[in-house]
Structures are given as C-alpha cells and as structure tokens.
Amino acid sequence: MRNRALRIISGLGGVTAIVAITPSIGFAQEVSETQAILDNIWVFIAGCLVFFMQAGFALVEAGLTRAKNVVNIFAKNVADAIIGILAFFCSGYALAFGGGNDFFGTDGFFLTGLDINELGGSGVMNLSHGTFFFFQAVFAATAVTICSGAMAERTKFGSYLIFGAVMCAVIYPVVVHFTWGGGLIANISIGDAVYSDFAGSGVVHMTGGVAALVGAFLVGPRRGKFGDDGKPRAIPGHNIPFAILGVFVLWLGWFGFNPGSELAADNLVTGIALNTMLAAAAGGLATAALIWFKTGKPDIAFIGNGVLAGLVAITGPCGTVTPLISVLIGAIGGVIVVYSVLFFDKIKIDDPVGAISVHGVVGVWGVISIGLFAKFDDAFLGRDDAGLFYGGGVEQLIVQLLMVLIIAAWVGIASFVVFSTLKATIGLRVDDEEEVEGLDVPEHGMAGYSADPAFV
Amino acid sequence: MRNRALRIISGLGGVTAIVAITPSIGFAQEVSETQAILDNIWVFIAGCLVFFMQAGFALVEAGLTRAKNVVNIFAKNVADAIIGILAFFCSGYALAFGGGNDFFGTDGFFLTGLDINELGGSGVMNLSHGTFFFFQAVFAATAVTICSGAMAERTKFGSYLIFGAVMCAVIYPVVVHFTWGGGLIANISIGDAVYSDFAGSGVVHMTGGVAALVGAFLVGPRRGKFGDDGKPRAIPGHNIPFAILGVFVLWLGWFGFNPGSELAADNLVTGIALNTMLAAAAGGLATAALIWFKTGKPDIAFIGNGVLAGLVAITGPCGTVTPLISVLIGAIGGVIVVYSVLFFDKIKIDDPVGAISVHGVVGVWGVISIGLFAKFDDAFLGRDDAGLFYGGGVEQLIVQLLMVLIIAAWVGIASFVVFSTLKATIGLRVDDEEEVEGLDVPEHGMAGYSADPAFV
Amino acid sequence: MRNRALRIISGLGGVTAIVAITPSIGFAQEVSETQAILDNIWVFIAGCLVFFMQAGFALVEAGLTRAKNVVNIFAKNVADAIIGILAFFCSGYALAFGGGNDFFGTDGFFLTGLDINELGGSGVMNLSHGTFFFFQAVFAATAVTICSGAMAERTKFGSYLIFGAVMCAVIYPVVVHFTWGGGLIANISIGDAVYSDFAGSGVVHMTGGVAALVGAFLVGPRRGKFGDDGKPRAIPGHNIPFAILGVFVLWLGWFGFNPGSELAADNLVTGIALNTMLAAAAGGLATAALIWFKTGKPDIAFIGNGVLAGLVAITGPCGTVTPLISVLIGAIGGVIVVYSVLFFDKIKIDDPVGAISVHGVVGVWGVISIGLFAKFDDAFLGRDDAGLFYGGGVEQLIVQLLMVLIIAAWVGIASFVVFSTLKATIGLRVDDEEEVEGLDVPEHGMAGYSADPAFV
C-alpha cells in the first residue's frame, strides 16, 4: 500500500487530513467529493474481488486433495472468512492501524468511537473507516487461508479454528502494524531507503507462508506421503477442474488485491493491474516450460501454481516496476516455485497444495525483487520523480532483507507458540483412524459427495 | 432502498427531478455529470454482482440435493434468469415503478416511451431507466429463485416455469409497488414512523420465502423424506463443494445487493457493505456454535445457511444500524434459522435446502429487527439527523409488523391461487416413477453426470 | 467499440488528444480528471469481468465433453489466458493499434516507448495504455478460446498452443487493426455508411468461430461421433453443472464485454448492459421453445447455447439498437444456433460444444443485424443524432457484408495456413490410442478425477 498515506496515521480516532492525489497530467487539482467517493467505491469493489479469493483458495485446496476431506476443506475456508472478519472487527483492525507504539495499535477495538462513513475518516487517503476496514478484513482472511492448504487432510478442525482466530486477531495485524501501520519496519531507513511492499508479497503472503511452514512442520506429513524409503509419493488431487477454476478465481481476485492496494482511484491503478496480469502469465509460462522440460509433461497443477507464484511475486513490486520487469519477476517466481516444491518434498515437509512455496518462498522473492528491480528504468509507473517509495541501491536491498527477517521471526515464533500449545493441549492432528477414513464424516458428520440414497 | 427518492416517482414517464445527494462532509455540493455517471456505473456493477447470485443459488440448491435432479435444478435457475428478466421487461417494471394507484403501476410496459439513457431519467436518484431496470430485474430473478430450492426434486418443470413467470411479472412487482414504488405500505404512517426495508429483507426475501412455503406445502414432501413413523429422514446433498461454493458466490453477490440498494455512489455505500459483511460472519458463527453444541458436529450445510441467514437478516436494516448491531442481528438470524429448519421438519414441510427458513422466516426477522434496533445509538450510518428513514419506537415496530402482514397476505394468497390452479390443471408434481428415477432424464432428456461412453 | 475515437489513433506512440465525451444532458461539459479516472477504472473493471470469461469457457467446454479429457481442457483454457496476454504484449497490441498501414500497426511492441499511466495516453478516449491494453488483451484471450471448444477431445496440446500463440500475436490483432484500429474495413464507406461492430460480434466472435471451423475441419471428427451410417451420435457431456455454471460466468462476463466496449464511463453504459441482458434472455427463451417443440424436451445444453447465442448476436449491435430490437436480435440468434448445430452435424463437422455455431454463425448474424435493425426507431441509445455509427439503409447492409467477407477471408486463410502447417509437421491430432484413453494422462500425466488412493 502507499506508505506515505499510511505513515501519517496517528491513530484511527485522530483523523489527520485527506491526502490530495498528485495527478500526473494537467487536470484540475482539487479533490472533489466525487473523487473521494470514487476512491471509496473503487477500493470497495477491489475488496469484493479479494473477498471472492476465499472461494478460489477453497477450490484450489479441495481440488488438489482427496475427496474424503473435501467437506473439511470447504468448512475451513468458510470459517476463515467468518473468523477473519470477526477477529479483525474485535481486535485486528485496532492492532494494525490504531495509534500506539511500534508494535501494535491500541485504539479502535470493535470499531468503537470511529465514524464509519466519513470520507477520509480513516486517515488513509480519502477512505472512510467503512471502506478501509472492508478492504483490510478480506486481506486478513486471505493470510490465514494460506495455512489451511499446507495443513490439509490431517489437522483437527477445532485447533485450526483457534489458530485462525489468533492469526487474524493478533499475529497478522502486528505484521501490518510493523509495515503499513507505520510501526517497526516502516521506521527502518538506511540512507534514503525505506521498506517497500506495495500490496503485500511480504506482509500478507510471506506471513501466511511462514505460519503454514510452522504448522505443516508441527502437524507432520500425511500418512503415506513418504514411503518407507523416505521418498515422497504423489497423492493425486481428486478434482483438477476445481483446482484450476480456483486458479482463475484467484487470478481475478488479484485484480482487486494489487490495484486496490493503491487505496485510491487514480491513473496508476490500471498500470498496476497490467503488471499483475503480465507477471501471472509469465509465472505460468515459466513453470510450464520448466516442468515440461523436466518431466516431459505440462503438469497442470504445477502450471496453476506457476500462475499463483507470478501473482505472489508481483504483489510487492507491482506499483514500482515496469511491465517488462513484471514479466521477469513473475517468470522467476514461476521457476522458484518448482524448485521450492521439490525442496520441501525432499526435507519431508508435506504441503499438499504447495502453499509454503507459492506464498512463503515466492513471497520472499517478491520482497527482495523490489530491492533488485524497482526503479529499474525510467518508466517506473511514474513514481520515481515523487521519490515516495524507493531509495534504491544496496541500501534498499538491505532494508528489504531486514523486513523479511523481522516478519519471519515474529510470525515464526508466534505461530510456533500457538501451534505448539495446541499440540500439547487439545492436539493438532486427528487420530490415524480418522485420517484414513477422511475427516469429513468424523469431524463434520457428512460426506462431500453422496450417492443418491435408495429409500425413495 | 431509499424511500425518499422512490416516493417521488409519479410515474416512470413523468420524470421528476434529480435528487441531490446530501453529503456528510464539506465538499462541493453541486451534482456533476461525473457524479451522476458514477452513481449509474456503481449501481450497474452492483447489479452484476446480484445477477451472479443466480449461479450461487443454483450451486447451493444443486449441492444440497441429489445427483439425479441436478440438470433440472440448473435448468430452473437458468430459466429464472431468463424469465425474470423478460417478465420484468414485459410488465414487472411497469407494475412496480410505474405511476398508478396504491397497488400497481400502469405505465412503462416493455419500457416503451421511456428514455433508457437519460441520467436521472428514472426519477430515482441519478439513475437512468437503463440502470434502474437492470438493478431491479436481477432482484426479481432472485425472488423467484428462492421458491426453486424449497420445491426441488419433485416439481414439474413446466409448472415451475409458469409460476416463475407470474411471480416476476405480477406477484413480486406488486410487493415492490407497495413499498419502494410508493404504494400501499409506503403510505402507512403511525406518528413519524413509516416502513423501512432498505434492501429487501421483506420485499425480496420474505416474498420469496412465503411463496416457497405455499409451493412446498402444495407440492408435498419428497418421497422418503418422512418415514412411516412420521420422522424426517436426512436426504444428503450430493455435492457439498457446490453448496459451499454457492454460499461464497451469494455472499459476494450480497455486496451488490445491499450496498447497491443505496442507489447512488455516496459515502454510505461501504458502511452498508461493512454491516453486510459482519452480519454474514456473525450468522455463520452463531449457527456453527449452536449446531456444534446441539449435535456435536459443525455441520457445514447448516453453517452455510447460517451465513445466508445473517445476510438475509441484515438486508433490511443494513442502512440504518451500526456495525455492532449488525453483528447482533446477523447472529440472531443464525440462531433462528436452526430452529426454523427443525420446526418445518416437524410440521412435515419438506424444504430440501432450507429456503423457507433462510429467506422467509429470517426475512421476517430482518424486517422486525428494524423496529427493534434501528437508531439504536448515535452512529447509525449518519442518517438519524436527516430523519429520512426511521420514526422509531413502538410505532415503528407496528409499521414493520403491518408490512410483514400485508406482504404475507398478498404473496400467500396470490401464490396459493397460482399453485392451486396449476395443481388442478397440468399438475404441480411429477409422477412417482419419475421422482424415483430423478427428473433429469424424463424432463430434460439427459443426465447431469455421464460416464464416458464406450463406443469410441 | 466507438469508431470515432479509434479512428483518430495515428500510432500508439503519437498520442493525439483526449476526446471529450459528448454528454446527452445538460451537465457541465469539461472533462475533469475524476471523469477520466472513472473512465479508466470502469473499463478496467469491465476487463476483469471479461477476464473471468476464461473460467466460463473452461467450464462450458469441460462440462459438455468427457471426463477423460477434462485436464486437457482446463489446461488449454489456462494456456489461452497465459499465451493471450503475453502474445498481445509482445506483438498483438502493436499490430492492432499501432500506427502503420491498412493491415497492421508497426509500433508499440512490448509496450516499449509507451507511457502506461497517462490518462488518455492511448489516444482512445480518456484511457491510458495500461487500461486499454488490459481490456484488449482479455478480448484476445477470448478469441482464441473459442477454437478450443470446437477442437476439443482430439487435438494435440502442443499444436493447440502454437496456434493459440499465432492467433493472439498476429491473426486476431490484424482483424482488430482492420476495424477498431482504423485499417482496411474501417476505411470502407458507401455513401454515409461505415462499418459498425460495437463490441465485436464480428471482430471477436466470428473471428474465433471461423478459426474454429477451419480447425475442426482439419483435425477431423472425434472417433465415434459419426456412426458407420454416417449419422451423428450424441457424446454426452460429463458434467452439466459445470456447463451451466460456465454459462452464468460467461453471461456475467458479457456485462463487461459489451458495456465496457463503450471505452468510457458515460450515460450509455447501462443501456448497453440492458440490451445485453435482454438479448441473452431472449436467446435462451427462443432456443428453449424451439428445442422443446422439436424434441419434446427442454434440453439444457441447448438452452445454455441459446443464452450464449443471444449474447454473441447482441455484441455487435448492443450500442445502436433499442431494447425491443435487442430482444428480437437475441431471439433470432437463439433460433439460428439450433439449426446451425444441426447443420454442422449433418456436414460432419464435429464441434463438441457448438462453438462454431454460437460464435461463428451467430457472430455473422450479429454483424448483419446491424445493417438490418440499427436506427430502427428513435430511441436508439441516443446516438442517431450524432451520426457516428450508422449510415443506414442498403448501403449499411452492404458494408456489413463486406466486413463479414473480409474477416472470413483473412481469418480463414491465415488459420488454414497455420493449422495445415502444424498438421503436416508435428501433427494436429493425438493418435487413436490416446484419444480412446483420453488426453489427460498421456498429455498431462494426471487424471481429472482421482479416486482416493488406498495406500494411506
């Protein structure tokens, strides 16, 4: 998101000022009410697209796993939306964007004391609290959903819900406060360089990916994933159409995720969308070419993950690079995801859908790519002259690496504490019998697919 | 929808005036063409989201029923869209919004004589007839679809189509004329209190629910639903992923349904969306907690209906309550839906997807909740000072109850007449053999899922 | 799209001027920055809806074919998006809209030298290159996807990809240059009549349909499609819910396709949407009535194609006809598609999803209908006074027919050359064994639906 605007938040209650949009061409400069409304309507529509990503995540996860767990997977994804929204309402929004200290905000719990409808009332560009909360809450739901995929097919439903609530209520909001909320990471500067992560390769995806890694490690691999010889065995997904439909839904949703993170309706929105579109296509193409070359087959599950890798990679840099560089960043993301999936198979971390690789590893790549490529040439989405986002050079790369380390440390430790506590108390994993039978009937009392009964 | 604006319609042909938006903060006051266009574009986009709800209804209904009827279910839902749009074009729009009497409008059939493109030409805010028709037509299609679910798996396709056409052409438009069209219900006032139903808990959902109840009663329960002991038996849905994907699609669509009912792009749109989001989540959570407590399992079909109940409940009050009250209204909706489903099972009304409970019963709750909670505290979406929507107190509650009674009486009687006539003539129900075999092959000549044929 | 604006492009690099919108009512006339931004945001959102049509095409094609080929079908549709975007980036956009000659543009390859973010920078209305590229690239992806359906279940994946790349990189862009790019067809005039094809019945759908016809002819029918007696046999689709869900997604997407082609946010957008909605419903109804009458069953696959036929038919005339005429055009499209499908069955062109009929034949109807019906009465979307789109009379009809001939000739010859070359070299068709087994495992190494493995 735009650092500048977010930096000026001094607390959700204390609205500062409506930030005038700096137009790049010679139209009238005043911010009209219509412009402010357009900003809010656009960001809300973008939020709707991001909300719909929940359906995409559910479809990808369900498609790449087994039929006997499909109810559980859809239940988790519905729960993510429910819990994400309510947890963000109770505490997440306040911790993320409230005034406070370097680590978390301390006001705005339950949105109390905030005017929901005042244009610019959030202190973030022209957005009202209604708009800004909507957009941020669907981001939070996204972050937790990433864990769902990596821990699929063997995690207790209740334990997952508790982790999800903590994630949306505390862990993720603190990461947001560190960065877009003006806290710890936002206050790092080396020379002119301050961190940049436009729509959250790090803040959202790497955060989800790190928690997913911790969760997948602690819950252990699925029965049968690794043979007696220690080699990974393929556990085929039960419904490839679902998985690829999910990829399309996520790709669509990302046109809200990235362009919406501009937090305003201005002339830069569609350039960001263009970068997003190109990186996704490049990620898919790179993965396709690599996997086709390596295995002789264009594996469609991998290609889908390649598209998602391109999208995760460009999430951070989408506002600060050219279209051509977007193609490059996406393509490298598509290559990374292949090797990353193979790597986690090798070290026996079982991630049924590749979420750790797609969101975690490629999320890191997205953050770093900003240090490497932003301001690569003059076109630069018209922002280099404003000097808002990017100091450039080695300093920038160091700041980006520090950002990666801080997020990894916080999310890694916090999720380790939560998952370990769950493991030591109510348990993180279903028992063997339930895992073999599938989670659907034991945990939810119904099968995902029922043959027509005979009694009628 | 906004009563004020709709009240001033004196007939579709006789355009009154473009209603100036009353901004809540100090921007320039004039209504520019750009603002008027933004209003129209936004309401159109919201209408697109509502249109997509047809796919959501199809998925929920298909998922919660049996594979042998899936073609019939998708056919009904496509037909709802086709018939809803054309019936609203022929007569629905004219009856609902044309000038006339307290009961129905009398001009604008086939949109003849209306300028489709003039901004503000509909007399409703800045909307053109093109925009306003688009938005209203997709609402009409929604109303009829509700019946489809309650009568699934045993209703003749042809009879369903005829009812659907009458519903969209006459029954539903009259309800709209009663209320948003400035007719019977809109003219009730007790003290300061006039009816309020922002996006249609009553006008749309209860209307659909009442017709669904009449239809389900007259068509009778599915074979095998109630055993010889009179106890209901579970007939499991054949595809839970479809059902939950449908819930996601409907949830998304509601972000058009409720915020779009503002009928303008202003600063209140996203607050309405926020209320909608929170009520849905609260409904889902309340249902989940209750059903988990009652049965020991977090039943995902119930949770999905809990989300929908939260959405139906907040549809009426979403423009006149605070976020915290939205959580409460949604949660109560989520509780009601559980007991309502059990109640209809008990009195042997067979409703395969719970549509009567979700839309009918919870729709009534939405209407009543306005009488209880609107203007509950000062935040109130910034509207209490304008005094446009709400008189408050016991009077308001009485008006809301009158609204419920009038809609129930009209829709109940009208749909009883239509369904009874169909039953007495061409028949409402397929014969036993067809019901056992499933409707797909006898009615539509094809199965929903075909194994690959051997002849190739 | 709006000819006028597109005519003034003299090359992508040489931006001309921002075309002022001519408002139809008396608001302030100046083009504000907010209006220009609104234009871009709206066209981008419309582009998102068009993008999502890829998922709709995938679902329709997969649903109407066999389970053993479903991975291949989703792979082709993902590939269409990937390749369409990248090919349009490399050369398509430049060939279509760059300055050059009557046949193709010669600048703007890889978007080099273009400012992505400048409002109006594309020379097309107020659109930036970022916006305009986004919208055009998703159109290109649509054009190639049409071929996928007609050639389903027997075409080599690699050959399909190569054709898709040539289609998006060269064949389709040249058609666009002929028309919207101000080339060959745009320069035809007979009296006052110049070609009109608002959103591309001809430019997009007929183009896709002609290539699909050539491809289906050269690849030959599926094994078993035509019996020893030469009569066509039905090969039932494996998943009707997918097919109809796809129809809903496409219908939704068309609300971006047609209204977005206004390329501006103005008062005409929602009237275009209204026409689109009505034609789709009328197409569905006409097909349903005809097929019900002919076969005694309301065949839902045909009804779905009837909706799509209504949409394809209105794509060209949607900006220049009244709502009532839209109903007529859509209904005729719905009739044509039935007879067309039967015709291609008769001449033994095997088109598993009816794509040649829906897009090709009905696309021709859409182009011709403009010559017959545009300016049919006074309502006319408010454009007749401007005289921008339509000369009218026999001259118009002739121009439209010339347009059909030129597109058919170019696309027919070009795709014949490409497909023939592929057939003569790497081969166009999988071998018999693979076709019988299904393409999924041999080509992609995985099945679409996997039973849960036993080893866990």
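Note that the chains are named A, B and C in the order they appear, and that numbering of residues resets to 1 at the start of each chain.
The rule is short, and it goes like this: contacts are C-beta pairs under 8 Å (C-beta built on N, C-alpha and C of every residue); 3 or more make two chains touch, one makes a residue touch a chain.
Since we're looking at a predicted model, the values are computed, not measured.
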| item | value |
| --- | --- |
| Rotation, 0 to 180 degrees and nearest 5, that superposes chain A on copy chain C via CA atoms | 120 |
| Same-residue or different-residue interface between chain A and chain B, half as cut-off | different |
| Averaged-CA centre spacing for the pair chain B and chain A, given as whole angstrom | 33 |
| Per-residue overlap in chain C, given as positions that touch at least 2 other chains | 32, 34, 38, 45, 239 |
| Touching residues (chain side chain B, partner chain A) in the complex | 23-25, 27-28, 32, 34-35, 38, 42, 45, 49, 66-68, 222-224, 233, 235-241, 244-245, 247-249, 251-252, 255, 259, 265-274, 277-278, 280-282, 284-285, 288, 295-301, 303-304, 307, 322-324, 327, 379, 381-382, 435-436, 438 |
| In the complex, chain C residues that touch chain A | 31-34, 36-38, 40-41, 44-45, 47-48, 51-52, 54-55, 58-59, 62, 70-71, 74-75, 77-79, 81-83, 85-86, 89, 110-112, 115-120, 128, 130-131, 133-134, 137, 157, 239, 242, 443-453, 455-456 |
